[in-house]
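One structure, pasted below without further comment.
Chain naming follows the written order as A, B and C, and within any one chain the residues start at number 1.
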Amino acid sequence: MDIGRLVELNAVYARVIDTEQFEQWPELFHDPCLYKVTTADNVANGLEAGIIYASSRGMLQDRIASLRKVNIYERQRYRHIVGLPVVLGQANGAADVETPFLIVRIMRDGAMDVFATGCYRDKVKPDTSGALRFAERIVVCDGRRFDTLVAIPF
Amino acid sequence: MDIGRLVELNAVYARVIDTEQFEQWPELFHDPCLYKVTTADNVANGLEAGIIYASSRGMLQDRIASLRKVNIYERQRYRHIVGLPVVLGQANGAADVETPFLIVRIMRDGAMDVFATGCYRDKVKPDTSGALRFAERIVVCDGRRFDTLVAIPF
Amino acid sequence: MDIGRLVELNAVYARVIDTEQFEQWPELFHDPCLYKVTTADNVANGLEAGIIYASSRGMLQDRIASLRKVNIYERQRYRHIVGLPVVLGQANGAADVETPFLIVRIMRDGAMDVFATGCYRDKVKPDTSGALRFAERIVVCDGRRFDTLVAIPF
């Protein structure tokens, strides 16, 4: 799989979230799919359950719908810096890819902090039109604790 | 437009600033050009005026000249981490591109903080020699507040 | 030298460290090699000596062995975000490359901070199998001070 196209998919993913075009986010996944947010500690301890879990575009869309309701009064902003992807293996047109990320949170008053870092563990394959989409995106956060109420996509 | 060449242009841009070879910075723009630093809030509110504005290489060079005078006693350092570019459209050999960035500031005593995050909104096209240059670079900072005295290029 | 392959080498380098597969880290270097960690101030002042220095895979392996002993009780985690490489020159199949980096440290309690930023100054060339490896990697940290006891590879 061409690394340029993986870079492009990851760039679009980050842009959709950071520009708050959340409704386009589920479109970057296959249907059904696997989307899970978990922590490195959970993975190391063999805990399969994620903090956030979805197995279809419909579930992803539900998250966005609730995010739109909840966050009317919240005005923090997020900025994803996505690192360089490593292709771990390929078979049948699908690729296993790991890509590090860093998310900065910008508060209403301008204060900025490192909100999360971690690694995307993905299965990527083309859809019927040839566009690359996520069959799986497991978001493994480095930190042990984070606000489980936060609803933006990672 | 080849994404590898866009990556290269952005990498050189960041390096010129972080190695303090500021005099080479205007060379990365067309002449005339548009260089503007603004905030996401200003953009959302339809405010056109930027915090920093230049429309020619000469104006960019003036900024650098004043930076060289002002900052003799300042010793902070900056580090740009530029993310993955998204090509939004292309026409007549020019491309509309958005690229996220993160700037870390390193103080004289070694303290580091996230200085700025945001998105470059660019129009990129080749000059007569074929080298890619910025016809426009609009720097949209995520934070609402920043030190307007700061003179380094974003 | 293809920029895609440089991106790949840097991505693998970061992944080996952040997944704590430290024993694979020396494999990314030629033997003999030059690995040095220093600061931008030292470089600016013409100080050649680095804070960390190795000239062979054996010395790199020794660092890892001591790291494995020392760090049994330490549980911080690191996340490298590697920026875009700039190829400064090429000759005889080797390339001079500079690549910015940002390292976030994640403490046991989940607190995160910017641990280091800087620039990798590399000489990269293929080994006999054609795989790109570092003949030199000089890690120039932006900050003046850092914990010299820290043993993870930068």
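Following the convention adopted for this analysis, a contact is a pair of C-beta atoms (placed from the backbone, for glycine too) under 8 Å apart; a residue touches a chain by one contact, two chains touch by 3 or more.
Quick caveat: nothing in here was measured; it's all calculated off a predicted structure.
Residues touching across the chain B-chain C interface largely differ between the two copies, under half of the numbers being common to both. Summary of the copy comparison: rotating chain A onto chain C for the best CA superposition needs 120 degrees, to the nearest 5.
Averaging C-alpha coordinates per chain places the centre of chain B 27 Å away from that of chain C. Each of the following residues of chain A touches two or more other chains: 4, 81, 102, 113-114. Here chain A touches chain B in the complex through residues 4, 7-8, 10-12, 14-15, 18, 77, 79-82, 102, 104, 106, 108-110, 112-114, going by the rule given at the top. On the chain B side of its complex with chain A, the touching residues are 3-4, 40, 81, 83-86, 98, 100-102, 113-114, 116-119, 142-146.
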